[in-house]
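Read from first to last, the chains carry the letters A, B, C and D; within each, the first residue is number 1.
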Amino acid sequence: MPSVLVAGASGFAGALAADLIQRHPDFELAAVTARSDVGRPLHELYPRYRVPLVLEELDLDRHAGVDAAIVAYPHAAAAPVVAGLRRRGVRVVDLSADFRLRDLATYERWYGAHPEPALIAEAVYGLTELHRYAIAAAELVANPGCFPTGALLGLAPLARAGLIADVVIDAKTGISGSGRAPTWETHFSSAGENVTPYKVDGHRHTPEMEEQLAGLGAPSLAVQFVPHLVPLDQGELMSCYVTPTRAVEPAELAALYEDAYAGERFVELADAPPSMRDVRETNMCRIQALRAEHTGKLLVFSVVDNLWKAPPRRRSRT
Amino acid sequence: MPSVLVAGASGFAGALAADLIQRHPDFELAAVTARSDVGRPLHELYPRYRVPLVLEELDLDRHAGVDAAIVAYPHAAAAPVVAGLRRRGVRVVDLSADFRLRDLATYERWYGAHPEPALIAEAVYGLTELHRYAIAAAELVANPGCFPTGALLGLAPLARAGLIADVVIDAKTGISGSGRAPTWETHFSSAGENVTPYKVDGHRHTPEMEEQLAGLGAPSLAVQFVPHLVPLDQGELMSCYVTPTRAVEPAELAALYEDAYAGERFVELADAPPSMRDVRETNMCRIQALRAEHTGKLLVFSVVDNLWKAPPRRRSRT
Amino acid sequence: MPSVLVAGASGFAGALAADLIQRHPDFELAAVTARSDVGRPLHELYPRYRVPLVLEELDLDRHAGVDAAIVAYPHAAAAPVVAGLRRRGVRVVDLSADFRLRDLATYERWYGAHPEPALIAEAVYGLTELHRYAIAAAELVANPGCFPTGALLGLAPLARAGLIADVVIDAKTGISGSGRAPTWETHFSSAGENVTPYKVDGHRHTPEMEEQLAGLGAPSLAVQFVPHLVPLDQGELMSCYVTPTRAVEPAELAALYEDAYAGERFVELADAPPSMRDVRETNMCRIQALRAEHTGKLLVFSVVDNLWKAPPRRRSRT
Amino acid sequence: MPSVLVAGASGFAGALAADLIQRHPDFELAAVTARSDVGRPLHELYPRYRVPLVLEELDLDRHAGVDAAIVAYPHAAAAPVVAGLRRRGVRVVDLSADFRLRDLATYERWYGAHPEPALIAEAVYGLTELHRYAIAAAELVANPGCFPTGALLGLAPLARAGLIADVVIDAKTGISGSGRAPTWETHFSSAGENVTPYKVDGHRHTPEMEEQLAGLGAPSLAVQFVPHLVPLDQGELMSCYVTPTRAVEPAELAALYEDAYAGERFVELADAPPSMRDVRETNMCRIQALRAEHTGKLLVFSVVDNLWKAPPRRRSRT
C-alpha cells in the first residue's frame, strides 16, 4: 500500500489530510511533521481526528522514503519543501498557492518572489473534474484554493461555451478558512453574530480563477471577487452573477451543466439553491445554475466544504 | 405626550415597535393588539421586552382614539387596517409592503391585487435620509423593507450622480428576517452552520429598490438582487457591485458620500468593510464605498440591524 | 449481506440510521418507510445523506422479508410496529423508549399505558459496553436514550463500586435532540445565543438512568437530572456531580475507569475536560473523572454525539 | 454632572463601562485610558459603542480630577491603580477581583499576594440587592464577579433562611466572559458547536460566593462550582442544585423569593425556566426557584447578561 507523508500537519488542512490518509483504505500514513508542536501526538491537538502519530520535525532525507507527500505549508514556505521532496523523487500534492499559477509574473504580482520558479512547469492544477488525466500522470499536483474550487466547478460550463462577458463572484466562507491562528477576526465574540466582507479589492484567489477560466475559454476576463466571513465553521458558498455574451435559454443552460458533469461522482446539480449543509463533511460540490428572468443574467450558486474530504467507503468482501 | 397604538404586536417587528414606543421619552404606548395570543401580556411572549400591556383584539372604533398607530401586519392584510385607521383620522406608520410602491401595476405584478389602491397616493416612503420633509408632514408613512433600507442608503449617492449602469446586490440576512413562525428553514438544525440563497429570481424587495432608485435618478435600471440566509439572529449586509456609467476616481466617490450624509445622525461612512456587529442593536447604517482597482467596478457595502431600533437617550435636567 | 429496513426514516434519527446502514460495509439497506413524505426520495429531505431510496408507507407483510429492522418512531407509536415485526421473525433495534425500562409500572408512571407489555421481557438494553453479550444474542434491542448513553458510561464504574451516595446530572444538549419538527423552541431566533433548562423536574430519561444504575449496583438512587438546551446542532455533555459513599483517592478513581474501559473502542478516557467537538460526528464517548479537592465530590464529564454514528472503515485488500 | 474616568477601557468590560457612562443621563465621561491602543479613538476598537474619546495613557495626577473612576484592570494590576486614585480622593468602582474578598488569607490562597491589603477594609461588595446602603456610602466599591452575581441573587433567599446544606452550581457562560484576547479557546472554530467545562476543580469565583453566602447565613459551606463555555457571545446561566437542611414546601419557597425581591427593579421571578435571551442586553437577573419532587432538592436557575448594562431611560419633560 502506498505510504504517504503529511508535512505541516498541525494546521487545519494538514491535520485533516493526515486523518483522511489514515482512514483511507488505499494508503498508509507514514509520518506527520510540523514546524510547531513537535513531539506531541496529533491526536492531542485534534482529539476528533484519532491520528496517534507524533508530530516530527521534517527531515527531508529521512522522510523522503515515502511514495507520496502532502505539503500543507503557507505559500512561499511550501515551495522549498516541495522542491526538496521532488528532488528525492517523491510525488507531491501541494496545498499552498505556490504552484497553482502557471504565469510567473502573475504569481509575483500577487504573492511576491517565487522561491522555486523552475518547478512551475511541472505542476498540474489539481481540480479533478477539469484536469483528470493530467493529474493521474502528475508528479506535482497544485491543490486548488478553496474559493476557486467552488467557483471553477460552477463556472466551467459557461466558460467553455464562451458565455461569460462579465462576472461578479460573491463568496461566503466559514471561519475555518482563516486558519487555526487565533486573531481578533477569528475570536468568537468578533466572528459570531457577524458577517464581514474582506480583502474587498484583491483577494489572491482572483488570478487563480482568471487563469483557469482563461484556459477553459474565457480569456482576458477580469473577475470581480469578494469573500465574506460568515459565522459558521466549515463551508463555502459561491454566488456567481454572470452577464452573458448572448441570451441563453434555460434548456440550453441545463444541457451545458448536465453534459459537463454527467458521471462525475463529486458534483451534483440541483434545481433549488444549494445550502452549505447539503455538502457538510462530504467531498461534494452542489451547483444550481439558472437564468434570472428579471435581468437576463445567469446565476450560479455552488457549495463545497472547504475543510472536509471523506475517504471512500469499501464494502467488506464476505 | 402623543399616544401610539401598535397593531400586530405579536410578531418580531410589532413587538419591537411596542418596546421602542414604550421606552421612548416622547411617546406613550396606548395599546397593543394582535390576531393571536389575545389576552396574554406581551411580556410573556417576549420576556426581554418589558412591555406589561396585554394583547387585545383590534377594535378600530375603540382603538382609534390614539394620535398615531404602527401597523405590523403582513402585506395585503395591512392595507384594510391602515385604511380603517386613516378614515378615523389616525396617523399611521405601516410596516408592510402595501404602500411602499407608488405604481399600482408594479404592486399587483409582485404582490397581487391591492386592497386599498386609493390610499397609495397619500403614502410617503419612510426612508428619512431620502424623504425627511415629506415624512414629517405625512399622514401615512410606508416603512421601507429591510433590504431596501441598506441598499438605498448605500446606492443613493451613485444614483443621484447618474453613475449606475448596472448593479448586482448580494444580501446576507439574519434569521429573524424570516419572521417568528417556526418552519424548517428557521429551525436551528437547518439554519445553523448554513448559508442558503433564496428567492433567487425575484425577491419582492426588487421593485421597491428600482422605484426608489428611479426617483433618485437611475431610471429603467433592472436590479439583480439575491438575498442569502446566514446563521445569526439580527442584521443585514448589502454587498452592491456597480458597473459605473463612466470611470470614477476615488476622491470623487468619497466626496459624493460625504456630501450625501454630512449631518446625518444615523449614517456613518467607513474606510474599512463594515460588519453587522458594528451596528447591532443600534439605529445606524454603516457604509463603505470604494472603487475596485482590478475591475473598475464600484463596490458599496452597507449594514443595518433589520430588527432593532434604539430609542433616543435624554440627559436628565438636574 | 443482511438486509435492513429503517421504519420512520424521515426524522433525524431514522434518516441517519438509513445513511449509516447504506454506507456500512456489512449491511444492505432494503427499504425506508415513513408516516409522512411518502413517495419522496430520502435524499430530497436530507441532501447531505445520499440515500436514493424513496420513502414508502410501511406494510408489515411486504417489508418483513428483511433480516433486521431499525424502528425510529416516537414512544407508544413504536411498540406496535416492533410487535408486528417481531411476530414476523424480524430482529429489531428500537430507537424509542418503549422497551428501555424493564419495570412496567415505572414505564406507565412516566409514559402512560404500554401498548405491548408482553414484549418487554424479550428486550435487551442496547448499551454495548454494559450488555455486549446479551445484545449479540438479542432479537429485540432497546436503543438507549441519548442522555442515558453518556451518563451511564460516565457513572457505571462508580455504580459498580458502590460509590454513589447522591448524584446531580446537569446535561447540555444541542438542538437536534429536540427533533425535526419546527417549534418556537427550535427556531434559530429563540435557540441561538441562548441557553435554557427544560423539564426541570422530571425528564423521562431519569428512570432509565436509575434502572440501569440500580442494575449495576446503585439501588434506590434518586437521580437529579436536568437537561439544558445549548445553541449548537449535535452533541451532548453530561456533567455529573457525585457525592461519594466514602472518600476516594485519585489513583483508585483512575484505576476504576481504566479497568472498566480497557479495550473498548468507543470509549476514551481523558485527563482534561472533554469537549463536544472532540467526538463530533464520531461514535466515541470521551470521559473525564476526577475528585474535586475543594469539596471531596467526584466529578464526571462525558460527551457523545447524540446524532451521528460513523460506519466502520475497511481497508481494501490489494 | 459628576465626571467619570474609565481606566482600562480597551477590554470588553471597560469599553462597555465607557459606553454606559457616556450614554447615562446623569454622568459625564471625562476620559478613557488603556495600557494598549493609546492614541486610538475607542470607537475604532468598538465601532458599536459610539464613544469618540481617544484612549490615553493613565496619568494619575492628571486624571484624578474626576469625581469617580471605574477601574477595569486584571486582578493584581488593578489594586495599585485603585490605591492611587483613592489617595487622590477619587471614588472608585473596581471591576477586578482585588477587593471582593474581605479575608486576606482567602485572597492570597486563590490569587497570590495582595498589592494593597490596607484598602480591603474600605471596600464594599457591590451587589446592590445585598448591600444597597453600604454601596451608596462607599468610597470603594468592589464589583462582583460575573458568576457570583447570578449565583448570589439566586441563592441569597435560601442562605438567609438557613436552608442550604450542600450546593452544586453548574454555570454556562458565553465566550465574552473569557475576554478579548484571542486564544485557541476563544477561536470560533474551537468554541463554536462546542461546550467545554473548565477550571473543573477550583474556579476563583468559588471563595467569593462562599464568603458572601457565609455573610448571609450559610457559614462553612463548600460550594461545588463548575463553569462551562457555551457557544454564544453574552450571557450566563447558573443552575444551582441545593440539598436543603430540611424539607421545604413550594409555598414557603415562593414566599422566600417574593419577600427577598419585592420592589427590586432588576430582579424578576419566573414560573418557568429562565433563558439567557430573556435578559440579553439588559440589567436584569431572572430567577426561577422550585422544589424537585423526585429528589426533594431545591433547584434555582438564574440568568444575567455578563457584559451588558443598559443606562436608565428618562422621559422628556414636555
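Some observations on this one:
Convention: a contact is a pair of C-beta atoms (placed from the backbone, for glycine too) under 8 Å apart; a residue touches a chain by one contact, two chains touch by 3 or more.
In this text, all values refer to a predicted model and were calculated from it rather than measured experimentally.
Shared contact partners of chain A and chain B, listed by label, are C, D.
Comparing the centres of all chains, each the average of its CA atoms, the largest separation from chain D belongs to A.
Note: centroid distance chain B to chain D, computed from Cα atoms, is 37 Å. A separation of 38 Å divides the Cα centre of chain C from that of chain D. Measuring from the averaged C-alpha position of chain A to that of chain D gives a distance of 46 Å. For chain A, the set of residues touching two or more other chains reads 192-193, 231-233, 274-275, 277, 280. In the complex of the two chains, the chain C residues touching chain B come out as 12, 175-176, 180, 182-184, 186-189, 191-193, 231-233. By the touch criterion stated above, chain D contacts chain C in their complex at residues 166, 168, 170, 172, 174, 190, 192-198, 200-202, 206, 222-224, 226, 228, 230-235, 237, 239, 241, 243, 273-277, 280, 288, 290-297, 299, 301. Taken together, the chain D residues at the contact with chain B in this complex read 1, 23, 25-26, 47-48, 50, 193, 270, 274-275, 277-282, 286, 311, 313-318.
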